[in-house]
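Alright, structures below, take your time with them.
After this come two complexes, each holding subunit A, first together with subunit B and then together with subunit C.
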Partner chain A sequence: MQGVDITILLAGIVAGAAPILLATLGETITEKAGIINLSLDGTIILSAMAAFAAAVTTGSLLAGFAAGAAVGASIAAAVALFSLRLGLSQVAVGFVLTLMTKDLAYFLGTSYARMEGPLAGPMPVPVLSKIPFLGPVLFSHSLPVTFSMVMILASWWYLYRTPSGLKIRCVGENPDGAYARGIDPDRVQLFYAVAGGLLVGVAGAAFSLCVKPGWGQPQGCEGSGWIALALVIFGGWHPVKAAVGAYLFSFLQVMSIYLQAWWPDVPAQVFQVAPFPLMIFILVLISVAQRETVMRAARNHPALRAIIQTLSGKAPAALGRQKKGTG
Partner chain B sequence: MNVELIDIHKHFGSVRANSGIDLKILPGTIHGILGENGAGKSTLMKVLAGFIPKTRGTILLDGSEVGYSSPEGALRHGIGMLYQDPLDFPPLSVLENFMAGQVRGATMGTEVHRARLLELCTGLGFKLDPDVPAGRLTVGERQQLELARLLSSGARVLILDEPTTGISGLQKEVLFSALKSIARGGRSIVLVSHKLEDIEALCDEITVLREGIVTGTMERPFSTQALLSMMFGSEPSPAIRSGHEPGAQALYLDNVSAPGGRAGLAECTVHVSRGEVIGLAGLEGSGQEVFLRIAAGLIRPHRGRVHVGRRDMTGRGYHAFQSLGVAFQPASRLEEGLIRGLTVTEHCALGEGGGQFMVQWDTAEQDARDKIRKFQVAGTPDSPVESLSGGNQQRLLLAFLPEEPELLLLENPTRGLDLESVHWVWDHLDAHASRGAAIVFSSSELDEILMVADRVLVFFDGHIIKDERPEDTDALALGRAIAGKM
Partner chain C sequence: MALETALTLTVVLGFTTLVLLLAGAPPLESYRQIVKGSLGSWGKVTHVIKVWIPLTLAACGLLYTFRIGLWNIGVEGQVMVGAVLTTYVLRTGSDGQHGQYLLAAALLAGMAGGALWAVMAGYLKTRGGVHEIFAGLGLNFVAQGLVLWLIFGPWKQPGIASMSGTETFAEHLWMPYLEGLRISPAALGMTLTSVVLTAYMLRATRFGLYLKAIGSNEKAAFLFGLRPQATMILAMVCAGGFAGLAGSFQVAGVYHRLIPAISSGYGYLALLVVMLSGFSVWVSPLVAFFFACLNVGSIQLPMVLQLDSSLSGVIQGTLVMAALAMHAMRARSRKGGGPDAGG
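Then we have the complex of A and B:
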């Protein structure tokens, strides 16, 4: 067994987590406003494709990220509008869009498969990247990765420290209550569904232009949308806790690479797939831990209780609620 | 501000909730809107508050017509409303609830709002902790919060829809004195209620609604008789306590403790005899709900034993209790008792359910028809339960009770019902008691308990602090006990 350089390991976790982190934060914002965008997995694939195609065609990374964001925003807008204007189920629409966008991505992307494309390279933060240990772990990444870290704090601050964030949380909790207070719930939901979708689109672009550069079938980002959806729940609809989940998942993925090197006899697929069921397992553990019986059992273990309580978080009460017919 | 409503109509499809209502509210007064459930009070107030659009009619504020179409517009004109179903955000803190809708732009101004909230609370005699989640407040405290918020957003006309439902006597006193002081300051208050005594106690002028029209107005001094006949057309006869003779043991809790609710239940020992009607009084969450659920086998006690009849049932589940004739009915009719979205017939089909693979729709529908007739439910077998009014949902729930229960456990069985329905419900329950069933019910209405119960248990903070016969006590003494003052 060869030694592990802890700096490289941590830097790898931070970089690998970026796209899923962005998608998780985006979906957290969307769901906080009461809209559930289930199409994440397809959205990420299609925006990865669009971003790569745009970047290859124009030669501009910026154009690539803009294309990815635009795709993410449009799909989110579709989910929101179908629900708000036509009263369709967000879950049904989201699910159909997942399948559609995925097929669309592979169909439209055929000609870009295995092409050489631009890549967002490292862009160390001045001064901060010189700090020993923390510098290489946190501040020497490419722009999308740095952006993902900034977004953790930014989205927390926005949700919990600004009037707009209060508005989002009100609408997600009780749209009628928000309406009675002079807030237009439909507008808030549409706006923040789109804003969250933008981030999901950027997440897709971060895959094809940075973390898993290139386009192909498969691209390598498949499945991450579902993980992001699960992480929103893991994080109890709190951006910082959700971010912890994203890093945990990235840790599992990075570890599987190391383990693969240590145990070459085990088929490589096992390690590639393992993080997914492991993550689900952790989610199950958390939801079981929140049951009243477990809480009671944990009464005499303050530390355990504290952990469970930090992990618990309730979904916005109006999440995914179908709009009643206009009458 | 002078508020004048002229010829207000509001139709929901074929339902005419308001048909041609005129109303005048003078500044600095407390105006009561009285009427039984379904009279159209909430609808009228929601129109005034801009929450729903009117079908037609005119609203004049200080003599000039206004045409707002949202609560925001109404509030800009100084009209704010406390809704019957609380429209707040339970997981958000009290302070955040207070700020919601008030803060705009880039900064929160949290400290400014905190100071304003505390100042308003002090002025009105409310005690609210700005930093706890609003969901942890009692119904009464949530109202206080809303009231403070409306005042802070500049409301000059305050509408309160059924504010006295589900709050304690003490909170009612606080609320009423706050309302009086608000009115003295020159604002107008509209108090909506189906409870005559609350309206009579507080209001300067009363408008009575029935079936969507105004059936009368009255200024102080009020005549209860006249108001009753405006409300109901004719006066309902009061029910009388039947004074059942207690028989053999029906329920015996032996030193039972259990968690749950706000306070749990601690060291409770109670005997209930067959044929007895027992009223549980106390602030919401003082232990009554845990008591009822333990007696129903829904909560297993941590300590102590539970006997039903002569059998020790400690640790057994709801189904075992049911098989001994125990029936439980929760307070939240649409959350725990009935299933939203299902029709009356479908509920009947569910109730039968046993054994057969296919649903017997014709039997279920016949059953639904029978129940609707026997229990005088205003509805059809195809009505979804949520479309029924509260009184009719309650009748339907009673229809689903077993035919000959031994022990009836009812949580707030008459909450939100008008007087006529209350009497109907008790006439029906009385028949069970005369047959020998024991009835244990909780209620926030002391008058109701004093009227129908053979014994009153007062809960405070998870303990039973009083166990008396109604003739040995009165509403005042009970009220003090409920508040923990012995």
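Then we have the complex of A and C:
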């Protein structure tokens, strides 16, 4: 690791992970309530475009982030409503929307391509940023990056330590049971689909206004929505574990830049597509680890058991469930 | 039914017009350009047919996987790998001999390539426990990486590698085409045959029935003695074979070389085609033709109106959404015994 400053490396990982982390947390909340929003990839691209356009037009970063969040929330609301009100498959609607919103972004964004735009600059947290090592790594970032870190703890606390979080998990596991307890599952699902969508929208804005500033075709954030969707599974529908996955992914991305410099013979395309087979591989690993035979074999190996327990996490039982009575 | 169609079209036109106004574009002129650019002349129509061929082939393949309840998003990568293997075979024959045998081998290789890529996604689903959407999508990115690597690495043009693709094949390795039309009658014929074959397979064979049985209720089918996992792999082989053939035609019949955007998103688009057609074998080719018109027609937009050609994708996506919504609403009102029942 000659010539690599570990502080800069870690700070880079934390900053680079921010958008995918926000999207992953948003989708975790949505899926916890039982809705799959498969439109993440298109949503991120469209909200990145909307955020950049709004920020350029108004000159205000806040307007940019608000526009991104609004786009993310509306698309999520569309997915939820098409499922809850019309009984359409969430996967089908999400897939169509992911293609459509991506094209919409490219179509509407043409006039903003390669423009100079505002950029969310570093905004160190007072006092904390003075701590040696931890200060520059964790507390000297731009506001969206700091926000993404706060959101890890906030979403964990909300899901597992508040009555509302209990309601979300209850609806995601057993909507009928929730209904019997006096909760309106449709309202909860719609509300948290939109809440998750807000975060996904902010993720898009964090791309175009902070991590990969600017707009173009391609913007550079293409594919990250799918990564976020896979990270939700990787994290076993737990926000903290999902966050670990997001940082791991960011680490791999940063490493690929160094590796490319070290092994110039390996073509660049290999590094660009490497995350995707890796994603598949990890998903296979998680699935295999949860099989009964593996579980039984692990009973006598504490270390193996610990690994499997960390890897495994069950999807909410009612995830993506289609309303009965309509096709 | 007629009312439903009219409503769908109104919604789509309304939304698209809104989008055009938002982009500061003249809506009527944009629509005129799309129509003129797709059906305005015989030359344009042949261009539409060139897009229709891969779109219809991929749609044929998807009908098998949809029937058994699989989301074969990997179809895009299956088209690409089909194109890669076809290019591989055609690159071996530069001596001018046995052009037609080589072409036949190249098409077979393309189908095999698509099938191989599909089987990988299939096994990841049945053995690896990875949802086919993630498996397929990951493999799509890998296939795109493979295509780029080949074009910029081992198969680069003598001198300098470029985005324009690999070296163009010698003319005897092109699929024969009608003079002046630039369409390969063989490709057109095989595409039409594929539609008929798919209709036959799905409606008149035991295999088609098995697909439907497993797609409707996997557990019941298993208890009945069917083998859902093996049948899923078979469905993936069919889907990949047709998608691979689409990739073969793109290489051997259209571009005569491998280019980075060889699949042009036709795989993803075919998913929309099949959804809009209501998973019907006979309606899919018609929808594919309409989508091909939109794709070809919108190429005019950047040239004449300085708009991005992705408008076609917006129209197509809105159309599918609106159609799905209308369909669901009709199903709902019928269930509820509303006034629309039977309409």
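Heads up, the rule we're going with is that the second predicted complex is superposed on the first by the 322 of 327 C-alpha atoms of A that agree within 3 Å, B and C clash if a C-alpha of one lies under 4 Å from a C-alpha of the other, contacts with A are read in each partner's own complex, and residues count from 1 in each chain.
The definition used in the following text is that contacts are C-beta pairs under 8 Å (C-beta built on N, C-alpha and C of every residue); 3 or more make two chains touch, one makes a residue touch a chain.
All of these numbers come straight from a predicted model, not from anything done at the bench.
By the touch criterion stated above, A:T110 is placed in contact with subunit C alone, subunit B being left untouched. In the superposed model, A:K314 makes contact with subunit B only, not with subunit C. By the touch criterion defined above, A:P302 lies against neither subunit B nor subunit C after alignment on the C-alpha atoms of chain A.
In the superposition on chain A, contact is made by A:L229 with subunit C only, not with subunit B.
Of the two partner chains placed around the shared chain by superposition, subunit C is the only one that A:P277 touches, whereas subunit B remains out of contact.
Look at A:G177: by the touch rule set out above, it reaches subunit B but stays clear of subunit C.
In the superposed model, A:L166 makes contact with subunit B only, not with subunit C. Of the two partner chains, subunit C is the only one that A:L86 touches; subunit B does not reach it. More residues of subunit A are in touch with C than with the other of subunit B and subunit C.
The residues of subunit A shared by its contacts with subunit B and with subunit C are 327. On the subunit A side of its complex with subunit C, the touching residues are 38, 82, 86-88, 91-93, 95-97, 99-104, 106-111, 217, 223, 226, 229-230, 233, 267, 269-270, 272-273, 276-277, 279-280, 283-284, 287-288, 290, 325-327. Contacts from subunit A toward subunit B in the complex involve residues 161-163, 166-167, 169-170, 173-174, 176-183, 296, 314, 317, 327. The residues of subunit C lying in touch with subunit A in their complex are 19, 22-24, 71, 73, 124, 128-131, 133-135, 137-139, 141-142, 144-146, 148-149, 152-153, 268, 271-272, 275, 306-308, 310-314, 316-318, 320-321, 324-325, 328-329, 331-332, 335.
Residues 12-13, 49, 51, 70-72, 75, 81, 83, 87-92, 96, 99-108, 259 of subunit B are the ones touching subunit A in the complex.
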